[in-house]
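Have a look at this one before I ask anything.
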Amino acid sequence: MEEVAIIGIGCTPVGEPWHKSLRNMAVESTWAAMDDAGIDQVDGLVVGNMSSGNFNDQESLGSLIADYAGLGNISAFKVEGACGSGGAAFKAGLMAVASGYHETVCVTGVEKMTDVVGDNATKILANASDREYEAIHGISFVGLNAMIMRRYIHDYNVKREDLCSFPVNSHKNAVHNKYAMFRKEIKLDTVMNSPSVADPMTLMECAPICDGAASLILTTKEKAKEFTDTPVVVKGCSVKVDTIGVHDRKTVTSMNATVTAAKDAYKQSGCTPKDIETIELHDAFSIMGAIGLEDLGFAERGKGARMAAEGEIAIGGRLPCCTFGGLKARGHPVGATGVYQLAELGWNLRGDGPVDAEVGMAQNIGGTGSTVSVTIMGRD
Amino acid sequence: MKTIKDIGIVGYGAYVPMYRIKNSDIARVWGNDPNRVPVKEKSVPGPDEDACTIACEASKNALLRALIDPQKLGAVWVGTESKPYAVKPTSTIVAEVIGATPLINAADWEFACKAGTEALQGALGYVGSGMSEYALAIGVDTAQGQPADALEYTAAAGGSALIVGPASESVALYEGSCSYVTDTPDFWRRQHEHYPKHASRFTGMPAYFYHITNAAKQLCGEMGTEPNDYDYVILHQPNTKFPMAAASMLGVDKEKVIPGLIAPYIGNTYAGSAVLGLAAVFDVAKPGEKILCVSYGSGAGSDAFSFTMTEKIDEVRNNAPNVKSYVGRRVSIDYATYARYRQKIRM
Amino acid sequence: MSVPRHWRENVKRYRLLGSRCNSCGKLHYPERTVCPECKSRELSTYQFKGNGKIYSYTVVWAPPEGYEFCKPYAAALIELEEGEIVTAQLTDCDLDKLEIGMPVEPVVRKLFAYGEAGIIVYGYKFRPIMPKAK
């Protein structure tokens, strides 16, 4: 198997670009990444997207994007893992290059959620849960995470304020990120007192509904030298699933898919948590940030929120997280998010980000932890 | 009328939703005197309830007392005038919920407020003729009262289920029944109308009182009894005044009517009315005591039944919540919430 | 509106029908065709008794489309007597008095309807246990 490196990174600004269609955004970010790499053709395209069929009445994204990007008859298809589609698509692209199947692959994550109006987006997001045994009860995706949060607070006696430190940290970090949706800091009080969406989860603890596309160009580590002095090398990448329903998990306050994917990624890379200098954590909800830190091996059970509250996850802290704003402030265009995270980690590793790191990690969660990808990348 | 086989009620179960709206609050909204109201408060179904869900819980309670395998039921018959579907029987859903399918007859019955006792007459015939060992009859409604109309004060929600079976397993033995019916248009609802209409004072003497008293007299004549011979007399209860007046006309002591009178607390449950009153009496009656139950349905007609309690009632009575538990489980709501829950706000 | 999908699930939703693994005895709700514990494909239908307690809950203030009619409502993870956890709405309860550990019992209620003309989907919800006799 070949080692794989990233030679090009590109994305669109996250937000509500009413004038840009799904294909517009995907082509824009694909070419931004190809320009960054200095190429005008790839052998394969893997698209990460959760639900274009529902949001945009459009499937066949491999063909659509390759066609509109002018890439001709290449290999192209969509990979889906709910909000973890980006990370899953990355693994598919990685495997294509690592196995020698393709030389250069573009991974493009794209989601255009604002094409549907009203509560429709909420209904579609619930497709990430178990439709017949969770969504049918009107629980909503936020509701599922709220129940996890309530149990977590109950089991570990955690303070609500500590959990609210995650969105505060993310917003602070988004200020410097020209691609972020929300580039303003927010106060802890504002988060605590924002309207209840599904008690005890408040509005400001939830990532926004938005649009965006991000792309990465992958090639072998060997070939990468022809393109750049700062390739970002993939040291470990794992995608694992867990039960689809929260009710079937071994425990509600930990995501076993994260734990097993992390173990696998650590093993592949030869790294341990001590080696990781920065994480693009999946903070779709404040509770996911806390549980993520614990599942990835950075905090003891029940102490993830404390870690955030004590400033350890700040840029300049022991373990900077969500350094470009995370899902909460950079935004969470669901199927694209995993690729945004890897783009941001890539920028940090090659000297184009706010953190100077040699090794870092990205965690992308699909559903309530039903599909999780953990990727470790480094400078060499 | 009597049956060929000796049969009776082997199980009974009730259900009343927990929300209540005070009659005085309804009066205040419409500019009427809050002190001159027909009942204290009425039951209101929650937004996730309808005649079907009420019938399901009442039926489950009846099975808890009957202690039979639901597969042995030969019929599941729901009598109601608030069917969730105009076409698609509520009874098939109830039958699936309780596990009585597929070898079952299921159909919905309609005769305004006596739809429940209609279904009971049918069940008695079904079992009494030997066609089936057991049959389930349910009377239930989530009645709609037109805003500002007199009937809005009492149109309520509730239901009661009765399982008919062999006399040897009965909590109350069936002795006889009759039906007294004429074409009398006192209260009706045309097919696509949301609310029913009624003929005001015409609903009294020529309708309610005429049919109830005649049915009672007819049955007592056949049984060789007088209405006041019974220990309990349950009458259809659209409010408090009508059943008390009818009892008086029949020469029945007030004390015999009161145990079965729940309209003052929850209003008129329409097809659930007489059968809920019957359940309330089953909750307290002793072995050997005799019961006369006379329903009334607009359109119009009355069904009258004669029962005698057995020892078995003491064994199974506490297997499921009693009527008092449901009546006592109450949460008061205001008119706005009531209008929302009853979908009276057209959007 | 998917009629076959709801029809396929309706009896299981009415009666809390799950499955039991004939090999290892594990109970499952929802039902399975492959046991996640031992991978056996020999499973039989199992009807859960229904009583349980609240394992966690939330009060939903922003319901998905079609569920506004009950808003606000509580949804919960219910730990059934047999140990299995199910997701369901709570009903007939005071939203301010919910607690982890509260004992609940199952009822059949309207889950939602496809507008005024479409089918009604009924299924299980849970409520605080009602006393039997008063």
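Each chain gets a letter, A, B and C, in the order it is written, and its residues are counted from 1.
Throughout what follows, a contact is a pair of C-beta atoms (placed from the backbone, for glycine too) under 8 Å apart; a residue touches a chain by one contact, two chains touch by 3 or more.
Fair warning: this is a prediction, and the values are worked out from it, not measured in the lab.
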Checklist entry - Based on which chains are in contact, what kind of graph results: line, ring, star, complete or other? => result line
Next on the checklist: Can you identify the chain nearest the overall CA centroid, using each chain's own CA centroid?
Outcome noted: C
Checklist entry - Roughly how many whole angstrom separate the Cα centroids of chain A and chain C? => result 32
Item to check | Cα-centroid distance, chain B relative to chain C, in whole angstrom | outcome: 30
Checklist entry - What whole-number Å value describes the gap between the mean CA coordinates of chain A and chain B? => result 59
Checklist entry - Touching two or more other chains, which residues of chain C qualify? => result 70, 89, 111, 125
Item to check | chain A - residues contacting chain C, complex | outcome: 118-120, 122-123, 126, 130, 132-140, 142-144, 146-148, 150-151, 154, 195-201, 243, 245-248, 252
Next on the checklist: Please output the residues of chain C touching chain B within their complex, sorted ascending.
Outcome noted: 10-11, 14-15, 69-70, 89, 91-92, 94, 107-111, 120, 122, 125, 130-134
Checklist outcome for this item: Counting only contacts in the complex, chain B reaches chain C at residues 18, 46-50, 52-53, 56-57, 84-85, 93, 96-97, 99, 318-322, 324-326, 328-329, 331
Checklist outcome for this item: Residue positions on chain C within touch of chain A in the complex are 5, 9, 29-30, 36, 55-67, 70, 73, 75-77, 84-89, 100, 111-112, 121, 123, 125
